[in-house]
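Chain IDs A, B, C, D, E and F follow the sequence of writing; residue 1 opens each chain.
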Amino acid sequence: MSMKVGARNKIKGKVSSIKTGDIMSLVKFDVTDPCTMASVLTTESLEELGIKDGDEVELIVKAIHVLPVKN
Amino acid sequence: MSMKVGARNKIKGKVSSIKTGDIMSLVKFDVTDPCTMASVLTTESLEELGIKDGDEVELIVKAIHVLPVKN
Amino acid sequence: MSMKVGARNKIKGKVSSIKTGDIMSLVKFDVTDPCTMASVLTTESLEELGIKDGDEVELIVKAIHVLPVKN
Amino acid sequence: MSMKVGARNKIKGKVSSIKTGDIMSLVKFDVTDPCTMASVLTTESLEELGIKDGDEVELIVKAIHVLPVKN
Amino acid sequence: MSMKVGARNKIKGKVSSIKTGDIMSLVKFDVTDPCTMASVLTTESLEELGIKDGDEVELIVKAIHVLPVKN
Amino acid sequence: MSMKVGARNKIKGKVSSIKTGDIMSLVKFDVTDPCTMASVLTTESLEELGIKDGDEVELIVKAIHVLPVKN
């Protein structure tokens, strides 16, 4: 893709379901390729979380913050 | 995990790097397990996007919207 | 206030600390008045969460999503 | 709660109403315990706002940014 | 307006259409006055984007992140 | 642009300043072309706001929610 997007997370997904509503719609995607994800949080929250290299975490993202882009 | 989180996207990741700043910090994660992701968008945007089952897309998420949770 | 804001959550707070950074700053507020808060989530997430009237929950909000307004 | 969440705002609420829609739902909560809230904003916006310790402000949060978590 | 809002983007718009849904609604606005917009992104994303003064870009904002305020 | 983005707001801007920080950076853009903007809010907030066609409002967007894209 020749377009550059100013965001850290760009994840490949394949559409698996579409549910259309009056104003909003919900789309699901299968993600199979390994990828890197990034989180920005306050340094305070990071210290409280107490994570270090190799730690396993869960990354929570509200669906409303996921922006699909199609070439 | 016994706690339930009211969000569609819960992705397993392993901390790969931490960069600490004055107020905000940036953490990177390796995601290797296949997962499902969900996006909520306006039905108008969905129609304009013109995606259907099986289509490959890119899912853009600003790092600020990724919330790490540690058990 | 004569101005009307198109958001559900309008919480009174008193500034308790300010930490100024190069680009971003972090401000803390004491909230003492009881208030109502509102959450919009997917109906799917709501069903999975399985909450009902009277249930106690924790409401998580990233600090970046809190917008201070001063009269 | 043994789970740690990488966010500054963790507010206790009690479910007071649930309104279920086709794709999205709206949940209201009573918040009665005093709490601390945090906001991250640009240092530029902070300076323009001109707030200092003890100032009373209103904290605006769109409902879509409130994530309910249930133990 | 005597109220001060802790955000960088404050854009004048005139309501051009309103579409009301069960839980969420979609409002459109005509913006005709020239304005300044601001984006906060990770320094990493900025470097990858490789933009410099005078470059033309497209600014993408999900409609859910636009907060209307009426005097 | 051949790429399609699943968002309502796509605004043309020209970079006018760049301020680079440790983790986050702040970029300003001049927007001169008239454009349409869209907001999604709860139907409750819309009713409370009481706006109708032709009303003038202010559209508030935190800079963190603006995603620059470069062709």
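List of remarks:
By definition in this document, a contact is a pair of C-beta atoms (placed from the backbone, for glycine too) under 8 Å apart; a residue touches a chain by one contact, two chains touch by 3 or more.
What you see is a predicted model, and the numbers here were worked out from it, not measured in a lab.
Under half of the residue numbers found at the chain D and chain E interface occur in both copies, marking it as a different-residue contact. The centroid of the Cα atoms in chain C and the matching centroid in chain D are 2 Å apart.
Note on chain placement: the centre of chain C and the centre of chain F lie 21 Å apart, centres being C-alpha means. In chain D, the residues that touch at least two other chains are 1, 4-8, 21-26, 38-42, 44-46, 49-50, 60, 62-65, 67-71. Chain contact topology: the protein chains form a complete graph, every chain touching every other one.
Those residues of chain B that touch chain D in the complex are listed here as 1-7, 23-24, 40, 67-71. Interface residues of chain E facing chain A in the complex, by the touch rule stated above, are 19, 21-26, 39, 41-42, 44-46, 48-50, 60, 62, 64. In the complex of the two chains, the chain E residues touching chain D come out as 4-8, 21-24, 38, 40, 64-65, 67.
Per the touch definition, chain E reaches chain B in the complex via residues 26, 41-42, 44-45, 62-63. Residues of chain D that touch chain C in their complex: 1, 5, 7-18, 20-32, 34-43, 46, 49-71.
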